[in-house]
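Chain lettering (A, B, C and D) follows the sequence in which the chains are written, and residue indices restart at 1 in each chain.
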Amino acid sequence: MTFSTQSKGVYAIAATPFHDDGTIDFTSVDKLTDFYQESGCTGITILGIMGEAPKLEPDESRAIIKRVVERAKVPVIVGISAPGFAAMRSLAKSSMDMGAAGVMVAPTPALRTDDQIVNYFASAVEAIGDDVPWVLQDYPLTLNVVISPGVIAKIISDHPSCLMLKHEDWPGLEKISKLRAMQKSGELREFSILCGNGGMFLDFEPERGADGAMTGYGFPDMLTELVNLSAAGKRDEAHDLFDSHLPLIRYEQQLGVGLAVRKHVLKRRGVIASDAQRKPAQMPTQTARAEVDYLLERLAKHDKRAAI
Amino acid sequence: MTFSTQSKGVYAIAATPFHDDGTIDFTSVDKLTDFYQESGCTGITILGIMGEAPKLEPDESRAIIKRVVERAKVPVIVGISAPGFAAMRSLAKSSMDMGAAGVMVAPTPALRTDDQIVNYFASAVEAIGDDVPWVLQDYPLTLNVVISPGVIAKIISDHPSCLMLKHEDWPGLEKISKLRAMQKSGELREFSILCGNGGMFLDFEPERGADGAMTGYGFPDMLTELVNLSAAGKRDEAHDLFDSHLPLIRYEQQLGVGLAVRKHVLKRRGVIASDAQRKPAQMPTQTARAEVDYLLERLAKHDKRAAI
Amino acid sequence: MTFSTQSKGVYAIAATPFHDDGTIDFTSVDKLTDFYQESGCTGITILGIMGEAPKLEPDESRAIIKRVVERAKVPVIVGISAPGFAAMRSLAKSSMDMGAAGVMVAPTPALRTDDQIVNYFASAVEAIGDDVPWVLQDYPLTLNVVISPGVIAKIISDHPSCLMLKHEDWPGLEKISKLRAMQKSGELREFSILCGNGGMFLDFEPERGADGAMTGYGFPDMLTELVNLSAAGKRDEAHDLFDSHLPLIRYEQQLGVGLAVRKHVLKRRGVIASDAQRKPAQMPTQTARAEVDYLLERLAKHDKRAAI
Amino acid sequence: MTFSTQSKGVYAIAATPFHDDGTIDFTSVDKLTDFYQESGCTGITILGIMGEAPKLEPDESRAIIKRVVERAKVPVIVGISAPGFAAMRSLAKSSMDMGAAGVMVAPTPALRTDDQIVNYFASAVEAIGDDVPWVLQDYPLTLNVVISPGVIAKIISDHPSCLMLKHEDWPGLEKISKLRAMQKSGELREFSILCGNGGMFLDFEPERGADGAMTGYGFPDMLTELVNLSAAGKRDEAHDLFDSHLPLIRYEQQLGVGLAVRKHVLKRRGVIASDAQRKPAQMPTQTARAEVDYLLERLAKHDKRAAI
């Protein structure tokens, strides 16, 4: 259960729980950490895009890292993407000093050419140190940087410290197949692939060669079950489980609204005390909340975990 | 069954059928036109983004318009988006002369400010003539132009010839609610809203105030059934039907791959003779094809139309 | 004076002259064609971005091509960039049939990765035919596609029919140096480089290895003189001439306003009858016009051609 | 000489001097601060885009603020743009506590609609406190956010603490005219406009209503002289001075290369000890350096300050 090129299963993208007054709710941080582990998650990723990282003061970020790392028995990955390498270096160092297993780095939105992308990650590795294990985040829809399979392969080849790809290109199934084919043919060394995009294609991604998921869907226990079913070759059962959750997964896959829905679900499941977000927050309307509750009701017919 | 501010139901976004050698397959064009009508579609939209319009010579575009308009008993809308107003004017004129019910106009990708967007549509209306009924296409994910509800309201207010909004913002549910609220309060006149995005949110969109769908999913007969169930207030039945199709709808919602999947489904359903695309085409891999077939198999358990 | 990999000098980016009522002013088209040649231009490029091409009906475009090609004694290049390859093929064919020397192709704005760019031009060449000589336009500021030197090299190597690079990256001096170094080292075959960006760096571009300019500045006679001085090794004289024009060159380098200024200057120089643009047009304000006139006055102290 | 809605003159965008080993060169920070004041600058802006702010650790940023604020007798503005409001709040507070006159805020690149822009600055003001005086930075070329005059007017009207516009839209002359016209007509309250873009249009900007410049050109003494000449109504002299510098101003206006040129000039002028940049740095090639030196030589014929 270490963070390595062979990591499998589900790394939860952790939400950051706040009290209604906007201060960090550390009790809920603990409960959430426990919940992810009890759900079978093999890792936890904190301070990612969905973790409201940019809304935290540096000291708060460090306090959260400390809290989660000390409590968690699974590897903790820290999102360190920042506009400058100085901030990345400093956050990476703190994270590793506190016991994080590694960090996650996304490309900066201005990158365009293949060379620019390759150079950016070379600079990032130079800044954080080539002994810090890291996850490459490939998320074109939000970050607006398109990384071709060949460029991913080059980055992975250039940097032994890159252990994992967080794959959330869309469409992305062929990308997984291509990367795994390159690996099979010996062009590319071993590395782990965990998939994001809220789980929208997690019925097929393991079949394509992914090792699991790294996402923050409100039912991480379903995600781990799904990945296990898939690993066990129980294809139909895996798809049945996935299909029952897809309406809600799809609903969560709405930028801005998604985080609100996740926190709403986690609160209704009794994991976090409040679904508050720090400003600027996009809170769900009454109608949206009712829609989510209706989806939960419908889901509960197939999956008792949703009967909340 | 005219094209008006009260239009309801499903306008099919028509694929353009080609022979394997790349020439237009007019027999399949006819069959597809009939199929959409037999599926209960209340309109047909041709030469949209998914209709491979930019791969057609001007003469070919006109031949397709003529063929579909002459055969169809439902209103035909023609996509006329082009980099310049001259081309738009000319295609709008041809379309209306041949009997189209109206045209569809999307914003040009370079637009940024509210004023620029408002002015663009004012110029477009001036170019095509203010007597040509048109659909405003709001599709930020692909066109990269974000139109706020207030700007949509202004465009609709400024131009009586704008009868319909093709809504495919994502997230977009609140946008529908806001526009309908503006209408209710008297700020905004009546107009039709049909939704795109492949139908990904069509379980909730009518509940928010949409009049139906304008999209090209390979089961338009399901779309019409869904919109009818929703209109009849049969909420659970509507969601049951939707949920059974969602895995495939979701699979189609992959840029590039989506069109290939649609044509594959339409071919397997016996509507078009070939799933050929003109170059540059993104054809599905063997694996992708097998995934779609697996999804069809699973769907067939709930919906006989998929047993193909 | 043919269009080849050894083309040198100045290819004028031709404005399209309209009457005040918006119809094409063919008399001014003729005068402009003559003017470019009398100014020493070694080629003329028509229907480019600054030629208001998207505002022309297809028949009008063809009429202009015909008119210019028949009159010009220098090679005529036709801009054929379009959202689809069908339109490009058709316009390329017409152009070559009418006697154009070649065509110019810009990347479509959606391209991101190196592979996508390389594939796009491969498809374009396949569409127009690999026997049609063409110019690769590299214009990131407006087209939003960044093409690295390596990708330019690959496109040039892949397609013997690509004879020239229209270079208008910014900053772009090092790009010229890199491409010429690749050529020197034998990695890259011979090709012509003409520079755009309104001439903003034309004092240094020939020193870096460019063969001249392809731009539409209102004083093409100055551009040809400048390129000749530079070719003759008269560095200081070249810079003196350039510096005297830079305030106006810089003023023209304002998107939207630029074309208005060019037409204003060409009209004041007696070359075209009207500075009208087709809609949507961005006409200069009174203040802007006065600023240009002031710059012309100041320029006239150094260059009699500006005494108009 | 306070920072107010009536601020005039030149606010220098300060470079951040490093030793060759990458550590901050505080002696040069002092010399640079003195140099800006001796050059007649009426303010200094630090930690802007050209100040390599993202390459600084938080403690380093604070050390620079302290150093400059304590030494400067003119108002010091601190750039606080950051991906999250928490970091902005924290840096604004530190800056004001240390004696800064105000802060500068740019829009985050993801903003698109007018409403989004207006709301962003409302959130920013809420985060930093409405008692902190600030500069609105309008820089579409780099930040990719287009702010129309109406939106600028709304932001200025909504927030009395916004005292100044850093104007660097391009083209931008009409924007200044429009904003000043709105002010004249009473629609808009008083505010200062200082212009950026390296000074590329500073010959005309004051005539349009700008109060001066906020930019980092290596000859701030020329900028102050130019603004003074313009204020004194000496139009021809102002343009003569400007024109002599334009070739170098233009050369500096190359993204990435620009900063290297500035540091090179400041080093050659004896103000900073090294032209080192922190990584990732874009250093000028030998050829580029020689080009700058040639431009300086030519400039020295008109302006002795360039004889270095």
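Here is the rule we go by: a residue touches a chain if its C-beta (ideal position, glycine included) is under 8 Å from a C-beta of that chain, and two chains touch if they have at least 3 such contacts.
Each chain and its UniProt protein: A, B, C, D = 4-hydroxy-tetrahydrodipicolinate synthase.
Just so it is clear, the model here is predicted, and its values are computed rather than measured.
Checking B-D, A-D or C-D against A-C, more than half of the residue-numbered contact pairs recur only at B-D.
Between the Cα centres of subunit A and subunit B there is a gap of 33 Å.
Centroid to centroid, with C-alpha atoms defining each point, subunit B and subunit D lie 48 Å apart. In terms of their C-alpha centroids, the spacing between subunit B and subunit C amounts to 38 Å. Multi-chain contact residues, meaning those touching two or more other chains, do not occur anywhere in subunit B.
Interchain contacts join each chain to each other chain, per the touch definition above.
By the touch rule above, subunit A contacts subunit B in their complex via residues 170-171, 173-174, 177, 200-201, 203-204, 208, 239, 242-243, 246-247, 250, 254-257, 285, 287-288, 291, 298. In the complex of the two chains, the subunit B residues touching subunit C come out as 53-58, 60, 82-87, 89-90, 109, 119-120, 123, 126-127, 278-280.
On the side of subunit D, the complex with subunit B involves touching residues 112-116, 145-148, 150-151.
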